[in-house]
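Each structure below appears as structure tokens.
Next come two complexes built around subunit A: one with subunit B, the other with subunit C.
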Partner chain A sequence: MHIGLGELLIELTLMPLVAFIVGMLMVLMMRRVGARLQRRVGPPFFQPLYDIIKLHSKETQISHGLIHDIGIIMAVGGYIAAETLLPVPGMNGIAEKGGLITLLYVMMIPSLGLALGVGQCANPNGSIGISRALTAMLAYDIPFVIVMAGVAFIYGTTNLVEVINIQQEGGIAAWGAVQMPFMALAGLFALQGMLGKQPFEVYVAPAEIATGPMVEMGGKYLGGLFVMQCFQLYTASVLYVTLFLGGGENWLFLLLKAFAVLLIPISIAFLFPRFKTDDLVRLMWKWPVLLGLIGLVLINYR
Partner chain B sequence: MNALDLLLLTSLGTVLFSVVFSASLTGRMLLTMLYAVQTVILFQIDAGTEMVSSFGFEIFNHALGLSFNGLSWFFALITLGSAFFAAWYGLNQQQKLLHVGLSANVFSMLVLLSAGDFLSLFIAWELVSWSGVLLMVLGKQESLVATLKYITYAIAGGMAVFAGIILIYSWTGSLAFNAVTENPLSLSQYGTLAILLIGGFSVKMALLPFHLWQAEAYALTSGPASVFLGAISARMGLFAIVITMMHVVDLKTLDSIFLIPELFTFRDFLIWVAALSIILPTYTALRQNDARLLLAWHGIGQGGYMMLGLLMYDQMGSAGGLLHVFNYASCQAILFMSVFSILHRTGTTNLNQLGGLVARMPLSFLAMLVGIIGLAGLPPMNGFVSKWLVYRSLLSDGMAIVFLASVIGTLGTILSVYKLMHNSFLGQLRVEHEHVKEAPWSMTVPMMLLAIIIFITGVMPGISLELVANAQSAIGLTPVDYHLGGVVSANSAISGDLDMIWVVLVLFSGFGIAAILFLSAGKSRRVHQLDNYAGGHFLNANNQYQYSDNFYAGLMHIIKPWYRYSFKWFEGAVVSFVNLAAVFSRSFFNQAHMLIWMLVVVTTVMAVAII
Partner chain C sequence: MKEFPVPVQTAEDPSVKKQSGNIFSNVFDELVRFAQSRSLFMLHYCTGCGAIELPPAMTSRFDMERLGIQPMVTPRQADILLITGYVSVKTLKRVILTYEQMNAPKYVIGICSCTVNGGMYWQSYATAKKLNDYMPVDLYIAGCMPRPEAVISGLRQLMEKIKIGEANSWQDYFKRYDYYLGNQQRLFGETWQTPTDIIGESKHYSLHTPETEGEHTRLLELHQRPLEPLEMRLGLSEKTEDR
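Presenting the complex of A and B:
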């Protein structure tokens, strides 16, 4: 599919913008679900937007140096770029010029940016938090990579546009979740870790603010990370839909599926106590990896 | 006299020049220029065709010849580039041995790269091995110990290679490169040659389990020497392995030698060696507290990717493996440069005694940032492209577990290089480093140039892929389908393209938008590093407010028991065995009636031979 440069530029602008808006809605949903589970009302509709505006317009903004600033810019910018690699209905952006492997690695840039920024803050608590966050990344990325290998193998491509086409042409029977249920389950585990939400959020948990990456983050720095979180929720859930649930036939279906996918981890989330970092590693390297490997064997002997 | 002759002569001339003139600064500047001159001469050689040198002589009726093809060209460019940057970086180093060693290494490597038959290959191989020693002994006492260890390994490897070459001669009666291809051998003979040659060459490459010597030998010496050794030296082993696969046992033959019948071939074995060479050294690097050793261990790990790519032997895999030689050399050189400029200014590379240097050495920081992004293989630096090619190849071949292993290596690299960066440049600046200055221009300028190279070849991998394509044609592979921004996968089992120009363009637009968002918000106020959250305590300059020791405590807690000392144990066992053999042979020779025993042995051997 060849499109003009102007059209491509519009896509490249729209894709991150839509991702941001949907991401804010996802944050809202997450908060509302959490509130309902705890028998609270939850925040109003525009609360995520209010939060972002509030944080960015604070009077006191504390910078610990240039790298602190650059780190936040990398964290947000990396995700903005990642959205253009993730095809959505009607818009492919540059998905065909990068593919799944590139997306995986572009998604690591925000983590690196955050890590750099926190490092420059010169607070040992922040550094401990980052060492935990990177360890967690190592933990959940291993099952995720197994899943990726399985997907590339079963569809015969690392091109996400083709992955979606194959699934949509074959109907529900061709969906990743039907073709490789073990992989889908392992992917769900990895997704939960990737979101950095309960019960795997020891490095950013509210109770751990003073001993985590957020310790020196305030104002627009925290605001930047809030924006990053919106992108993160959107990217992770849409990627899951793309790999396993046939992508989006149209925007309505895409959003329905993405919100449904996100609903699973966040409704389970509140049932479990928080995992310690090394327990998280043990858990991630045991069950999802096992499921993923079983999935791989099944794919091989299909 | 053709361009190749000129190149070899200039290189030899550089060695002589360095012996005489490297004591003065002007001499060292000219020496650096001489490497540039050699590079210019290299560009006069057409990489697409084979060029035969007019030098050559005969030994025992064997004509020794030197020739250059695309593969030699590719490695020669990296060698000369590394030497050029290392020499520039070392302009202020007055150790004469360093400059002589560097030029001698370059010369011997060029001879190795142009070797035209097995005998000249072996002679050049030994030259390379021994000239390496010159660069390794430049450090303190510890570097001598490491060098001795290197010599032991190198001799063992060299002997294995020698035995292999003798076998080739006795089986085929020729030492020419086409000896084996023209006289096919039996499978067991191929197997023996593969073990001897690939095993011997992989000592230099530091593939498992022959990797224990490399980190100390490369890291604990003088800075420019480390830059050069780390960047290219070990890759001569890779070159020799490629030569072996081209002329002695190709991958198809390796794939028909079964170690476990119907299940596990020699090639599978090598693939797993490569995969383990990625994982284990990378996680050893994660545990290092000395920045130099950390990098050197990564060097061993990255070698695994190159080997893995070559073992795939398809368009993309071999392109990735070869491209990674180039990309890795540039990243490792810049990282060593950055670390040694820290050593130059602070006197230590102990990661527990550094921190916060970004405020004092911003250019060295920038160099390290570019280097770690490249080494970890993240976009937009060049390391990403070569790893992407290797990954693609592994996925097309359905090697999911090996793919997983290589990604685990990359993740470990990210963790480890972040630790390197955090503990040296980020965090709290120590009191004793309050007045540290940026490294001198002679160090920062080559760093910045390398950073530009790493970035440009990351955005436009077509530049370096052209060289790789020439090397691929030279070893008889279909060259990769490349364009300026990346590759297209016309005929591979799994589709998926890469265009780095777009990826980087979008990435930087993303950064730009994020920056606008960031800057449009309220203006921030810069605070001192001691103006920090400390749980109610007041911080002052005497507080060590830095987290650096045992950086990934939670992870280490889990993975430490898995592989602790297993290879040290192996090495120890070999050493004990050799000791035992030495004790036996010494006591044998110390006997009063030694001659009688020798007579008995000789008679027995003769009797067996006659029967």
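Presenting the complex of A and C:
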């Protein structure tokens, strides 16, 4: 498929914008589900938007230096770049040029940007938080990479557009989750780690290290991180849908699938306490890796 | 009876009714104020018995989150500083340090009668009696202790104040820093200083008035020691090695 430059520019603008709006709905869903599980009413519909507007309208602001500013821009920008590599119905952006491996790299930029920004704050809680975040990244990236390898192996390509096409042409029987259930299970572990939700919520830990990387972030910085959270939820769930649930035939199905996928980590998150960092690494390198390797072996005997 | 200066601003103050002729910017300001009133991050400094009334206000019975109020853990992230009970002199230092770290617009709420007038600790040598001597307080919720309903109705009043743009008492701390600093020095001694440069910030945010500086800030400059960054070192400190 060949598209003109103007059309491409529109797509590159629209894809992050749509991702942001859907991401805000996902944040809303996360908070509503948490509230319902705790038998509360939960926040109103526009609450994520109010939070972001409020944080960006703070009148005094403390910056700890240039890297602090750049770190937040990297954290949000990394995800904006990731959205353009993630094909959605009707819009492919630069997904065909990028592919799975580029996306894997781009999705690490936010964590690194956050690490840079938090590093300059020189807050001990922030430093502990970011060291935990990078350790957690190391933990969940091993099963994640195994899953990526399995996906690339089974579809014979790392091009996400083709991955979606192959799954949609074959129907439900060709979906990644049916073809490689062990991989899909390992992917769920990686998804939970990637979102940093409760059993693996080592680096936020509000009661222990005062929200870790976010400890010195106020006003616009925290607003940037709230925007990042919207993108993060969207990217992780849509990537999972793309790899295992056949992508989206149209927007309705894509959103249904993405929200359903996101419901799994969210419901788990509000029911469990969290692991210690070393326990997280041990668990991540044991069970999901084992599942992923079994999945890799089974792919050969399909 | 002695007249106390009232630090809370009223709507008659010309700095509050600042509306430009541009209708779009007015609409934008209104939107921002609405969002600010509907999203309040709360840092509760739970000093006294009033803290016990907050969990029911936050959890399933009264659920503050439906009003957009949620707890936050650090002063940088928070909008509301909630002081729930008596403040001892030692605690007040921490409260002021916390307050100065918050990003404006910031609101202080004093819960329980102890923050209003000392309450049952009136005769105590170790408690600060009126919170608004040391920092501008937006709202008091009186009672010993106020029930969660009272806390929530107080918070709704604050939301109304923010929506009409009257919750500006944070500017008062910059505009009349000398007054607050004087009260702080009376309690903590002449050498009291905080890491935050309020005078510099008031100039930066153009909130500097003749009352920002005065005899108390001159006293502060006399005693002020420049802040030095903490030394970062890995491994054992020298003290431990000596042993």
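In this text, the second predicted complex is superposed on the first by the 299 of 302 C-alpha atoms of A that agree within 3 Å, B and C clash if a C-alpha of one lies under 4 Å from a C-alpha of the other, contacts with A are read in each partner's own complex, and residues count from 1 in each chain.
Keep in mind that, in the parts below, a residue touches a chain if its C-beta (ideal position, glycine included) is under 8 Å from a C-beta of that chain, and two chains touch if they have at least 3 such contacts.
These numbers were taken from a predicted model, which means no experiment stands behind them.
Contacts of A:I62 after superposition on the shared chain: both subunit B and subunit C are touched. When the two complexes are overlaid on their common chain A, residue A:G176 makes contact with neither subunit B nor subunit C.
Judged by the touch definition given at the top, the superposed model places A:D278 against subunit B, while subunit C stays out of reach.
In the overlay built on the shared chain, the residue A:R39 is in contact with subunit C alone; subunit B does not reach it. When the shared chain is aligned, subunit B and subunit C each come close enough to touch A:E216. In the overlay built on the shared chain, the residue A:P265 is in contact with neither subunit B nor subunit C.
Contacts of A:P87 after superposition on the shared chain: neither subunit B nor subunit C is touched. After overlaying the two complexes on the shared chain, residue contacts for A:G224 are found with subunit B alone; subunit C is out of touch.
In the superposed model, A:G193 makes contact with neither subunit B nor subunit C.
Residues 57-62, 122, 210, 215-216, 219 of subunit A lie at the contact with subunit B in one complex and at the contact with subunit C in the other.
By the touch criterion stated above, subunit B contacts subunit A in their complex at residues 355-356, 358-359, 365, 369, 373, 376-379, 384, 388, 391-392, 395, 398, 400-401, 403-404, 407-408, 411-412, 414-415, 418-419, 421-422, 426-429, 485-486, 493-499, 502-503, 506-515, 517-518, 520-527, 529, 532-533, 535, 545-548, 551-555, 557-558. Across the complex, subunit A meets subunit B through its residues 12, 16, 56-65, 67, 69, 72-82, 84-85, 93-94, 96-102, 105-106, 108-109, 112, 115-116, 119-125, 127-128, 130-132, 134-135, 137-138, 141-142, 145-146, 149-150, 152-153, 156-159, 162, 210, 215-216, 219-221, 223-224, 227, 276-278, 281-282, 296, 300.
On subunit A, the positions that touch subunit C within their shared complex are 31, 35, 38-44, 46-47, 49-51, 53-55, 57-62, 122, 206-207, 210-211, 214-219, 222.
Across the complex, subunit C meets subunit A through its residues 31-32, 34-36, 38-39, 59-60, 63, 65-66, 68, 70, 72-77, 79, 101-105, 201, 205, 229, 232.
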